[in-house]
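So that you can tell them apart, the chains are marked A, B, C and D in the order they are listed, and the count of residues begins at 1 in each.
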Amino acid sequence: MSKSENTPTPLLPFSSDYMEGCHPAVLTSLIRTNLEHTFGYGTDEYTASAKEKIRLAAACPDADVFFLVGGTQTNSTVIRCLLRLWQGVIAADTGHIATHEAGAIEAGGHKVLTLPHSLGKIRAEAVDRYVNDFLADGNHAHMVAPGMVYISQPTEFGTLYSLKELTAISDVCRRHGLFLYVDGARLAYALASPMNDVTLADLARLTDVFYIGGTKCGAMFGEAVVIPDPSLLPHFFTLIKQCGALLAKGRLLGVQFDTLFTDGLYEKIGSDAVGYAARIQDAVKACGWPLYLDSPTNQVFPVLTDDELCALEKEADVSFWEKADEGHTVIRIATSWATTEADVEKLIALLKTIRK
Amino acid sequence: MSKSENTPTPLLPFSSDYMEGCHPAVLTSLIRTNLEHTFGYGTDEYTASAKEKIRLAAACPDADVFFLVGGTQTNSTVIRCLLRLWQGVIAADTGHIATHEAGAIEAGGHKVLTLPHSLGKIRAEAVDRYVNDFLADGNHAHMVAPGMVYISQPTEFGTLYSLKELTAISDVCRRHGLFLYVDGARLAYALASPMNDVTLADLARLTDVFYIGGTKCGAMFGEAVVIPDPSLLPHFFTLIKQCGALLAKGRLLGVQFDTLFTDGLYEKIGSDAVGYAARIQDAVKACGWPLYLDSPTNQVFPVLTDDELCALEKEADVSFWEKADEGHTVIRIATSWATTEADVEKLIALLKTIRK
Amino acid sequence: MSKSENTPTPLLPFSSDYMEGCHPAVLTSLIRTNLEHTFGYGTDEYTASAKEKIRLAAACPDADVFFLVGGTQTNSTVIRCLLRLWQGVIAADTGHIATHEAGAIEAGGHKVLTLPHSLGKIRAEAVDRYVNDFLADGNHAHMVAPGMVYISQPTEFGTLYSLKELTAISDVCRRHGLFLYVDGARLAYALASPMNDVTLADLARLTDVFYIGGTKCGAMFGEAVVIPDPSLLPHFFTLIKQCGALLAKGRLLGVQFDTLFTDGLYEKIGSDAVGYAARIQDAVKACGWPLYLDSPTNQVFPVLTDDELCALEKEADVSFWEKADEGHTVIRIATSWATTEADVEKLIALLKTIRK
Amino acid sequence: MSKSENTPTPLLPFSSDYMEGCHPAVLTSLIRTNLEHTFGYGTDEYTASAKEKIRLAAACPDADVFFLVGGTQTNSTVIRCLLRLWQGVIAADTGHIATHEAGAIEAGGHKVLTLPHSLGKIRAEAVDRYVNDFLADGNHAHMVAPGMVYISQPTEFGTLYSLKELTAISDVCRRHGLFLYVDGARLAYALASPMNDVTLADLARLTDVFYIGGTKCGAMFGEAVVIPDPSLLPHFFTLIKQCGALLAKGRLLGVQFDTLFTDGLYEKIGSDAVGYAARIQDAVKACGWPLYLDSPTNQVFPVLTDDELCALEKEADVSFWEKADEGHTVIRIATSWATTEADVEKLIALLKTIRK
């Protein structure tokens, strides 16, 4: 099948960051290793090498690292395996696990305990208050105990936790004996943001588990789960298998992450995309459009009139975010490792035309 | 990382059929489409094309087809979604779901009801007797009701159900209102066997759900679930997501299966591997070794003395199957889409040397 | 062990409605039948008789009726068995299943989808909007589908749905294909309220499943699940067993409900308790205390100063409900089948003394 | 409803040990305490007293004791809460959890790993071999790990583990880090058997959790779960609630077990029933009938011709066990706390008449 015949004038591709295959360097590695014969299930040397590079990058030499295939799979596997039966997981009410995972956390037996968000983020104080209220409640033995805090970095809104905010949440978690788990589906775009002051080493130091997203950050697929204290998740290999999340040809994940963590590729992917997003956001501002939020990462959220949106969608593929009011719509423009400078320039030119 | 430095003399690769990447034609398609921008979650045109080709190949024009990533994932997702809460699944006691899926079926809430196997197969009569005994038991309202039969084609032993046997099992299932589900992880090697008389169209006609294996049959990863009656699994897309089995870049699966079902590639992959296995099996027989079973597909099971095995393992990577007796071991030699004629000839020469 | 030695001056017992054994008439029936030999698991004649009396009382001659032991057990069993895997249950954020069942619904695999409450109630319009918003969401295939509405009658606040409100919710449910399930843990106190216009027959006509509470309404234990359309929950007996909710000596439940539904006992239990609560509520008002809400059933919610509460608790056993403000507390005074006129008079006298 | 009108000539009641209400002394206690007002959920003084008496009886002063309602509920709750996600439970293939609990263990997410039985028992050697084979299996990380051994005392066949056998199983469990859990649904009848040498203190010393059956041993309902090391099951109260197994009026269980463990009632109930069974078994032998097994407890298993069974069933209520051969049937005659000497004599007379 040839797609080109059906799509004579392709739209400018800014709808999301998982709409292409993988970064050319990752593809090259997959091609180079394609016919090699290795052991299965991640027991190969590429996987071992990728794990070691991630340990180095995150300055956590004892960490266990496991590679899974996708984000919802990773979240549901980690959360099911970390929580005990009587516990639930605290998350922003906009958190991916609370909204767009089709009930995967509940299917694993656990309640998502939601807190109101502020641009996708929750605050340490709110977590602390939730746990204190729970403990003070005379009926708490009849209630789901908070056992973990889930946050995403960047959030579903592309916003960032600062090191100070993350440290505060980590402190609350440790004080109360809660696990802290960070969903890094788009972590490359956080790490590369000029507004960011949270490093991989900070994540390893402040959290119990976090994952480094591959699917949206240059890999064909794959997420790297980092467990700084390897005693935390006993028999995790078996549980990954039980959750249907163990890739037979595990080396495919190893090869990809080995490449992403060689010669700064993961950083470069992040900074290119964030840089393009910043140029687009500047153009949006220059055109005088309001922004839904001032994005520090790879997603830009202008508020357009419906006529403007209609004009834009004729030439660009962007995402609907939400209705702002009767005549206005918030859209999301996403850049990624696959975004080209040429397309960014065309989009900016298009935006200027529409706003003229 | 370069693997070649560490492994100066690679072993002859016959340990299993999922130790390499993917068939070169599949890789070529992934390379060609890599930078295209498509919709996610399998809503792209490659996936649509692959589905249509599978419907044609299986002569089931109304079927739904879904692409998942791996075998255990596919089994646990399909079985959890098909069974009702009070039901269990009948399987051979050697069935993959009964042994090597880390309890995935039970984690989904269902009991595996095992029947004794004969070279990996169960018989229609045994299923019928099981159901009749269940119904006749005065306590059966306190017991798990059989709701499905799971078989694999080829089986974990590489053996095949004949069309007559499959039809008999299908008849028993329909008479008793049980679903019939076929695990086709290695289906290419069944379809290509000279001993096989079960076509894809037969599977579509006689079963409720079956899957066409990609991971072990030429794809990088991926299994195609075929549901001849599309009303059977309502909301299956959402449930795939809930089970952590929905690939964000679904088109990766579509591209692969579109290629596998173009120009007879899936058939060719099967027949090459089965042909090589037959040559190896003939050589084993000619050398005078007993066979654990006379394999019709891509796995060969000679019984070696432990000294012979020791010699063989110095130059070839094969699998331990089971101890035959004190001094003898059953091994498994597996061919695949990645097996080369040169390696087959080297292995046969090696076997002759050992048996001299 | 004799309790009386340890508690020389028992407090006036108004803390809840499940703190005593059972209504004397129920006890008499249990005594009378104690040594009879019957079949187990609810296949006895007392259970058959109780079912028939409930069918008559609810004017639903075809209904299936099952007797379970407790409320959380009933909710988790019914909800798990009614919902399909992709569905969640809509409830008020104060609903028992959302707060005080220790995650039983999630342990059964399902999400509780909460709506804001108004004195424990949700409105048909809010349900309708939730479902419409869900259906309009472009991502809804990645989300938990609403499959059922759960309400309690009376609510956890002792408030009542009017027939008009219940009919509106039922209409919304039927229009959208959602099940409607009513938790009637305290149903006797709703049915007996002068403010109530919803009969058992209305519940049978307007809902898919409801339960008639025994534990809080005169039985030692037990809840009667009524399923107006018996085809709705296939294999429910087996699933009750699987959920650990099948009482071996099922006739204990049958005997109790047979007695409760003989000679208007269930109605009398309700009206006595509601009458006592009204007298207490009138006294509270007469004393000039504000009410948290004007209760139509067996629970009264005065707002006391903390000094008043301190004085009250020296002689009466009441429940903390919530802090009203710095110096005030909402308490709950509950009557039940076990409340005596003498204790009501003592409590009223005590209240007057405190407020003097 | 009066049952007596419908059953003019009641059958001799020997079908099972849960067909009546409760021992008169238990009933007397329930009557005496019926109108007392206590705290709910087992936080009352009767429950505290019962726990203390059980700790004394089992010589385990630090044990936690929880009271649940029924056997399947107890098994599924304990096993779900004790096992970790990657573990299954070893049981005889005739174990109650493997056969007659409607898949409750699997619904809780765990596999039952069955071993062949010998009159309902499994041997320490078989457990040891199972675990060793598991550990030696190269694929065991893909398999369900044995995490617990489940046995019943007496077994479903009424047979007994000797102290030596139990000690051997306990040793194997401790050596391999497996929990040992004993289902004591009929424990009174084991403790009272002249063939028994396993005391409550032995159970507390040799197992991790066991339960003392009430439902079949004199209580209306209820099972006492004993956890010698109280740190073993953290948050068990909350999990009992989550499993729908927490009785609101927990004191009903406390009152019953407090009575059963006062003045040797539990022992007396056991010895009366076992004595009656022995008399019946002797009569069966004297009549020349073969026994399916020589029962040491409260169940007798004669093998009758079908004509004899037909004659017996006209006057006695007994249980079908299994077909012995074409013309013979194994039946079960069960005694209990409710059996009277008069009925035993009538049954023996009847047996003699039939065999004449």
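FYI, contacts are C-beta pairs under 8 Å (C-beta built on N, C-alpha and C of every residue); 3 or more make two chains touch, one makes a residue touch a chain.
Remember, predicted model here, so these are calculated numbers, not experimental data.
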| item | value |
| --- | --- |
| Chain whose average C-alpha position is farthest from chain C's own | B |
| Pair with more cross-chain C-beta pairs in contact, given B-C and A-B | A-B |
| Whole-Å separation of chain centres (CA-atom averages), chain B against chain C | 52 |
| Rounded Å distance between chain A and chain C, as computed from the means of their C-alpha atoms | 43 |
| Averaged-CA centre spacing for the pair chain B and chain A, given as whole angstrom | 33 |
| Per-residue overlap in chain C, given as positions that touch at least 2 other chains | 85-86, 101-103, 107, 109, 141-143, 238-239, 241-242 |
| Sites on chain A touched by chain B in the complex | 1, 3, 6, 10-11, 13, 15-16, 18-22, 24, 27, 30-31, 33-40, 45-46, 49, 69-74, 76-77, 101-104, 107, 215-216, 220-221, 238-239, 241-249, 252, 258, 317, 338 |
| Complex contact set, residues of chain A against chain D | 80-81, 84-86, 109, 141-143, 145, 234-235, 237-239, 241-242 |
| Residue numbers on chain C that touch chain A, as the complex places them | 85-86, 88, 99-103, 106-107, 109-112, 138-139, 141-144, 320 |
